[in-house]
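Next come the structures, one after another.
Next come two complexes built around chain A: one with chain B, the other with chain C.
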Partner chain A sequence: MTEYLTILTFCLAGTLSGAIISLIPSLHIYNTAGIALILWTHIEGVIPYTAVAPFFLSLVVAYAFLNTIPMTLIGAPDESASVTILPGIKYLTLGRGFEATLAGGIGSLIGILFLSVAMPLIYVAMPFIHKILAPHMHAILMAVIVYMLMSEWPKGEGLGRTTWERFRQAWRNVFAGLVTFGLAGILGLIVTSRTLVSPDAGFQNIMPVFIGLFAIPGAIEKLLSRETIPPQHISSSVELTRGDIGWSTLQGVIAGGMAAYLPAVTAGIGGILAGHAVARRGDRLFIVSGGIAKVLYYVGAFLLLYCVTPLTPMGIGRGGLSIILKPVLQPLPRELPMMIGAILLSGCISFLLLIPSTRLTIRLLSRVHYHVLYWATLPLLVVLVVFITGWAGLALMLIASCIGMIPVFFHSRRSNCMAVLLVPIALNMAGYGDTILRLLGLD
Partner chain B sequence: MKGLTHFISAIATASFFPQVVRMSATPGAQIDGAQSSFILALAGLYGIMPDTLDFKFGRFFETAEIDVYPDPRNPDAQAIADTLGSAMDRAIIENREIRIQFHTVQLSADHWRQYQIAFDAERQEVAVVIGPVVTTSQVAFAGTEPDNRVGIYRLKHARLKPGGARSTTVDIMSGPMYGFRPGQDHVLVDFLPWHRTWSHSYVVGAALALPLWPLALWMNWPSAWLYPLIAFLGFSTHVTEDLTGHMGGSLFWPFFRERTRGLCWFHAANPDSNFVTDYIAVTLILFNLDRFVTKLIPLSAPVFFLLFLIGPLLLYFLPRLVSTKPAPKARRQDSVQGVIEAHRRQAAQEELLDESESIVG
Partner chain C sequence: MDRIADVIMSMANTPNIDETHCPGCGRFVGPYDTCPHCQSSLRHRISLKVFRWIAVGGSIIGLIILWIGLRIQEVPLLHAGQIDLQHNMATARFEGKVISVSTDDKKNSFRITLDDGTGLIMLMGHGKLSVFRKVLGDTFPRPGDTISAVGNISYSENYGLTAFIASPRRLTMLSRDEVIRKELGRITREDIGLIGRFDGTVVEVTPFAKGMTLRLQDPSGQQQLTVFHSELKRLEDTRIDQISKIGTTVRFLGRVDVYRNEIQLRLVEPADPGNLDVQPPAEPVSAPPVS
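And then the complex of A and B:
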């Protein structure tokens, strides 16, 4: 009984901590989870072993829900950038940010329900799928890379008097995407082949690169933006049809499923692929399916660790949380129902927290300019990087930031930055990593 | 069909070759013939290549004689219809091909003015309907249509063949090009005359795949002959799948340059045909990977396909089978025709009113 109470307490603690962390723009939950784990290993006994997984799982569940708030309400770009932004931000510019945030939250709730109901089926089917796909994983990742590169089409009409002018104008974003992918891929090969940061922070060595590729350019973009957030309407309902929910579930489950299982494929890349597969349009569909995909990507990936079967005796380790917790965790299949209970509890609380938190953030943003939040976040990120990975990490972050700025300025896909993991993982899985490093003079 | 559908179908086609599946496994998996080959991704690359050739390269080399830039502040439907109709007439009078490029009307970073181009073979007319403002996701803002939004041009020299021209909607990113050519007793209308021509030819596919053979030999890749074969099959899968649409392709360019008509089963962007094809392809890939390498699925082929292909597809279509609502696409077509019909009725009433006023004085 005491054990259950302990787990319940840490579930609540994880959810509340995750909710607070999620509201800080550009701060990723895995960075915080990494710090929390370092603290846990140094201050033993703070969290009992049985509560470790529920605590971190609740942390991630809350993040999957409440991260929608800064994503929707603080990412306010100017006119020139808004073609490439998420539909949630379009809602924000129409004064419907509250509705968009709640729609994302409803998506996350659907994701939690899907995981709870489908987990027995996933438990039976995934070991087979994993065993069938594992020998070909490098080929699957290469197929993802090829499709991502080939499916970035020229934006705009290619206006101009000559063929070359039209070609050059239309190809700006495609070329920028290829350059981003190439540079991020080389950076990934360097980072994964050489330990540039202190061995003590080994499991966080990719952290400065991620902050540099995604968080810093995002923050700089917002700081350069002169757009103001219009007054937001607090609606009493969310406009969603049964069709929206049905198609979003299909799209979100495909996107999240791919992101949860395929290494280095994020919910964003999964979203691109699933969006093309389901081939339906609409901002609401995108927002709700994004909420579902996030839950499957963050939470579902971790639950795969509990698929301990004769085919997969070590479970199927996927996702950032699995990497962080694997050294200290011995997952057992009998713990799976408890984990589902934890995500249901944490998911419901997170959804309830989402409503007042969104209201509160909207009220805060009506008084404080969102630039202030980003000016506060940037130093925090720099301190975090230096604290965990030292000055070498800071240098890495700056290099990654330069690469991450390319898609911001040329309106190409930011997911090209994921080449930092996709390229080295695909090449190393195929056994070509060392050859490529030799060719690049990095051996 | 869409890019992902072509891409994944090409991989599914390649997965029917046991040697290809074994080649693509990692040697660490203790599989005979495992080479860590990326040949499955090569199939996908060639599967998406025909559209890449068109949309990333070919279109920039094609120019139109007439460019239509509707006024963003006050789009004139009648002027656009006149330009379109007179281009068709000119093709007959001057006995040559006339190409016309319709441009999109971008109002802001995320807002576009939609307009529709319709061909009516029964009345020998072309019509342009100015639509609402839409977002880049093609979500319309209701009530943003202008008052005077229909333009109709009655063809004077050109004769439209029933079903010979396809109506279209212009809204985001880039607009369509039409080519008008004189036919035997009517005007031939080519939608996107630069698309699905040389790039959608089995001959071009073979020509692009063949160089892979010497490359594979030079790189000392085992089974070098498979690389061009798989690449050609990937390319051919795309060309063949596109035949299910309306546009078809120039299947044997440069020997036969005419673009053949498709089977008109589905529109290229039809969500159902794309999703169903994607799903079938994924199921086939999984089945083939297992039967040629791991042999883990404890089910016979019929049971496997019943459970994992037929069953889920029935579930996919079930809500539609139960529902009585018309498909959204049909509703949109109806609305365009409805607007044109309403415009005709209003014009007829005004004509009657004018006549009665002139009689009564």
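And then the complex of A and C:
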């Protein structure tokens, strides 16, 4: 009983902490989770071992829900949603930001319910699927890369006075996307071979790169923007039909499933693939399925670690939280029901927290210009990077920021920045890791 | 048609605002230097194009500087004893003595246990054994070698402290002691940990649950050689049969070890044909059964 109460307490604590952290624009939960874990090892006994996984899982569950608020209301997407943010912004400009946030939250709630029901089936089926797919992972990732690039091909209206103008119109975004992808891929190959960051900060050596690629350009974009947030209506209902929920669930589960299982594929990239697979359009569908995909990407990926079977004796570790907790966690299949309970509890509380938090944020934004929030966040991110990874991390962040700003200024997909992980992982899995190291002279 | 094209172009691009409109808010300002609506200056402005090209140029120059910086930078040396949770996923260099080498041809993988004086660290290469063997050749680590390795630290509850080595060029041999030949009767407690070449004739076989103890004899005296079933599994069938026969001559690369205060010899990498040679007796001698 004491153990039950302890786990319950830390579940609630994780949910509340996650909810607060999620409201800070551009701050990723994995950064704070990594720091929290290091603190935990130094202040042993604060969180009992049995409560470590439920605490961190609740933290991530809350993030998957409440991160929708900064994402929709002030346009601060994380790496998982950098391609799925547009419909939310459209709602915001129409004064329906509250509704969009709640629609995303409903999606996340569906995601949690889906995981709770489907996890036993996933536990049985996933090891077999993994056994079949694992040897071909490099080919799958290559296919994802090709699809990602080709789905942006070409954009523009093809209008202009001269042939050159028309050509430029049509290919500018595509070219910017390819440049972003190429540069981010090279950066990924370099930083995964060696890194400037001191080994003492090894646990967060990719953090400056991610903050540089996603958070800083997003913040700069918003600071340069002169758009104002129109008054938002607090509605008591959400425009959704049963059909919307059904199609969103299908699309969200496909997107989230791919993002949870395939390394370096985020919920946003999964969303592009699933969107084409389901072939349904609509902002509502996009927002709700984005919420589902986000939960599967953050939470489902971690739960795969508990698929400990004779076929997968070490589980199928996926996602950032698995990497963060790997040094201290030895997952046992019998703990899976407890984890399902934890996500259900944390998910429902997070949804309940989402409603007043959205109201509060809307009220705050009516009084404080969103530029102020970004001016406060930007130094916070820089201080965080310098504090954890030192000046070398700051240098890395600046380089990544330059790459991350290309899609912002040239209006191409920001998800191309994910090449930072996709390219090195795919090439390493294909067995070219050694050749690449030699070519770069970093062996 | 030109007019229509202009309208569509203006929708597709950033609006082409003339000097009489505020570039900040787009409203009419007439001859003013400062917009009366949004107070932004019309003279002191930097085009977004500048930032665009800063982003492109900065990322290319940054990548080049980063690459050069990393090429000239030494990978920092870490000691196993000082590695903590925060070092997880860091790239670091390790130097120490190889305690054991385990290879798996089927999985094309290897595992090297390194002792750097402060603790043990496992160096691993998944699916890379053939590349490492091809590139390193005779310098592929063996017990007793002092090596330097650059690897990515992985700290996990399941595997403990490991470092994954990505390339054979990240593994260099610093020194290799001459392997001495030692007579069995001259092995003393001072030799514990020594890796050397030994040979002797099997005079007694004592099986135990997980292996067997062979008493070997040479003109200088006798010594025990402990062989585990797990080690035998890696040998060819013929050598397994022969090694337990009395009268067999065994030549091997071995390590002087101690168990329950008694000196014993252990095989070093018996799967490597150069490390173990078994010569059956001239005339078959009956041997006790091995369980």
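The criterion applied here is as follows: the second predicted complex is superposed on the first by the 425 of 443 C-alpha atoms of A that agree within 3 Å, B and C clash if a C-alpha of one lies under 4 Å from a C-alpha of the other, contacts with A are read in each partner's own complex, and residues count from 1 in each chain.
Basically, a residue touches a chain if its C-beta (ideal position, glycine included) is under 8 Å from a C-beta of that chain, and two chains touch if they have at least 3 such contacts.
Computed from a prediction, not measured in an experiment: that's the story for all the values here.
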| item | value |
| --- | --- |
| Partner chain in contact with A:195 - chain B first, chain C second, else both or neither | second |
| Touched partner set for A:224, first chain B, second chain C, both or neither | second |
| Contacts of A:87 with chain B and chain C, given as first, second, both or neither | first |
| Touching partner for A:48 - first (chain B), second (chain C), both, neither | neither |
| Contacts of A:396 with chain B and chain C, given as first, second, both or neither | second |
| Touched partner set for A:341, first chain B, second chain C, both or neither | neither |
| Chain B versus chain C as contact partner of A:431, first or second or both or neither | both |
| Partner chain in contact with A:276 - chain B first, chain C second, else both or neither | first |
| Partner chain in contact with A:263 - chain B first, chain C second, else both or neither | neither |
| On chain A, positions contacted by chain B and by chain C | 156-157, 431 |
| Complex interface listing, chain C residues touching chain A | 2, 5, 8-9, 12, 24-25, 38, 48, 51-52, 54-60, 62-63, 65-67, 69-71, 73, 75-76, 78, 84-92, 127-128, 131, 153-158, 166-170 |
| Residues of chain A that touch chain B when the two form their complex | 79-83, 87, 90, 128-129, 131-140, 142-143, 145-147, 150-151, 153-158, 163, 166-167, 170-171, 174, 246, 273, 276-283, 286, 311, 429-432 |
| Chain B to chain A touching residues, read off their complex | 2-4, 7, 11, 21, 24-29, 31, 34, 36-41, 44-45, 48, 52, 55-57, 59-61, 63, 103-104, 108-110, 135-139, 173-175, 269-271, 274-275, 278, 286, 289-290, 293-294, 296-297, 319 |
| Residue ranges of chain A touching chain C (in the complex, touch as defined) | 37-38, 41, 156-157, 159-161, 169, 179, 183, 186-187, 190, 193-203, 205-206, 224, 226, 314, 323, 326-330, 395-396, 398-399, 402-403, 405-406, 408-410, 428, 431, 433-434, 437-438, 440-443 |
